[in-house]
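Letters A, B, C and D name the chains as they come in the text, with residue numbers starting at 1 for each one.
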Amino acid sequence: MFSIQLTAKIENMEVLVQSVSSIAGKMGFTAKRIREIELAVEEALVNIINYAYPCGVGDIKITCIQEDSPRAFVIEIEDTGVAFDLLSLKDPDISADLSERQIGGLGIFLIRKLMNDVQYRRKNNRNVLTLVAYPPNET
Amino acid sequence: MFSIQLTAKIENMEVLVQSVSSIAGKMGFTAKRIREIELAVEEALVNIINYAYPCGVGDIKITCIQEDSPRAFVIEIEDTGVAFDLLSLKDPDISADLSERQIGGLGIFLIRKLMNDVQYRRKNNRNVLTLVAYPPNET
Amino acid sequence: MEIVKSGKENNLLVVKVTGRMDAVTAPEFEKQLTAWIDEGEIVFVIDFSMLEYISSAGLRSILVIAKKLKSVNGKIFLANMEESVNEVFEISGFNSIIPIFDTVQAAVRHGIAS
Amino acid sequence: MEIVKSGKENNLLVVKVTGRMDAVTAPEFEKQLTAWIDEGEIVFVIDFSMLEYISSAGLRSILVIAKKLKSVNGKIFLANMEESVNEVFEISGFNSIIPIFDTVQAAVRHGIAS
């Protein structure tokens, strides 16, 4: 298990994302899959930075857990900002044409499409977002 | 046209709702339909009071418009709080049983079910929610 | 809103709610019912004959209480709703997760038998 | 991120974007393209051969620009994306709202003909 906590500022994003991807590297994910995990984590972090703390600053805490049976890479992203359940949002209509296509909503959509599983819970005034990726089978 | 603007506080709710329903009364809605309109407006106002101004206070502005051809009662509810498009939310799963049933999301669901039409737009830093009810045919 | 104990049959508590269950008052309902649950009451019949109005905040409180009761093997039954209140229960699908009866008597009979 | 004019054919402007289009840099893209549109450019080929990374913020800016161009009867074509960038376009359905070409040449040919 690995855990890191930093102020929710754009300057801290790279450190946070890099810490996740270095652990993903150890779990045997392909370079492509690591890029996808990075993108999903970045989208979640950007949202916390942009929306979770409208009245000031707060922290982001990331915990990475390597689970066995079934093998899973679990990333927990926590904040103490406004309650927000990303699973309550509709998917954007990706078949809409240019003039009908709505702006926004793609960050959460990418998270859901790129991760194998996404969960949300509210726990003592904290938002806990859980992103799960299944590593390739060991042979 | 009628317009009223007040601080987004629970104490002002009754005045705001009453002003809408007194106009609805003049448009020939039944008592039942007026109660439904009141409920939808109240849900929208509670959300603005609870969520739109996390860092302080702001205003709610309500404009009622009586349209002809087709006859429509149009209620515009504006705030200058955080951007929020209620149409981006999934409907709650109303067939879930007690243990699976999620808490929350019913306010917006009621608004959508009770009104004949619901629109949202963002206009110069303001959220503009438009609720439409069709009055009974005049005979 | 007013919440009063209006009767007790065996282990079943009848509670009468008067007025409005809205964003302001629903938390009181939740708090009072939670207090009674903490005192050991686990079967409730809620008499809604005098409930004039319910909003999503009222539904939310009822759901919270129903879930709490389920976790202690308790039960909640609703009775005697006005038509406008009943409409809100129907739209939100609450009529299929919480048993609703036409009269307090029917709810009590059912509550004691169950 | 770096955005440079890398060519002009007839009324078509070729723009090369290098680096990352993310929450920090995408607004620059939007601002620069908007400035060029305001100067009267309305047909763009964006050379993404050196684009390493795109996030939803990048997609958002591209959509804003594409809508802006549509409103002035302009056009935007994308060319030469890396596989990882292309994947993001596919997932989000952007490949069906904005024409994407394998090479800048193909995009330019198409842009001039259209």
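To be clear about the criterion, a contact is a pair of C-beta atoms (placed from the backbone, for glycine too) under 8 Å apart; a residue touches a chain by one contact, two chains touch by 3 or more.
Everything numeric in this text was worked out from a predicted model, so none of it was measured.
The chains in contact with chain B as well as with chain D are A. Mean C-alpha positions place chain C and chain D at a centre distance of 58 Å.
Centre-to-centre separation between chain A and chain D, using Cα means, comes to 27 Å.
We define each chain's centre as the mean of its Cα atoms; on that basis chain A and chain C are separated by 39 Å. Shared interface positions of chain A, defined as residues touching 2 or more other chains, are 104. Annotation for chain D: no residues touch 2 or more other chains.
Pairwise chain contacts present here: A-B, A-D, B-C [touch as defined]. The part of chain A that touches chain D in the complex is made up of residues 10, 32, 35-36, 39, 42-43, 46, 49-50, 92, 94-99, 101, 103-104, 106-107, 109-110, 113-114. Every residue of chain D that touches chain A in the complex is listed here, in rising order: 22-24, 53, 55-57, 59-60, 63-64, 66-67, 70, 83-84, 87-88, 91-93, 96-98. For chain A in complex with chain B, the residues that touch the partner chain are 51, 54-55, 82, 85, 88-90, 104-105.
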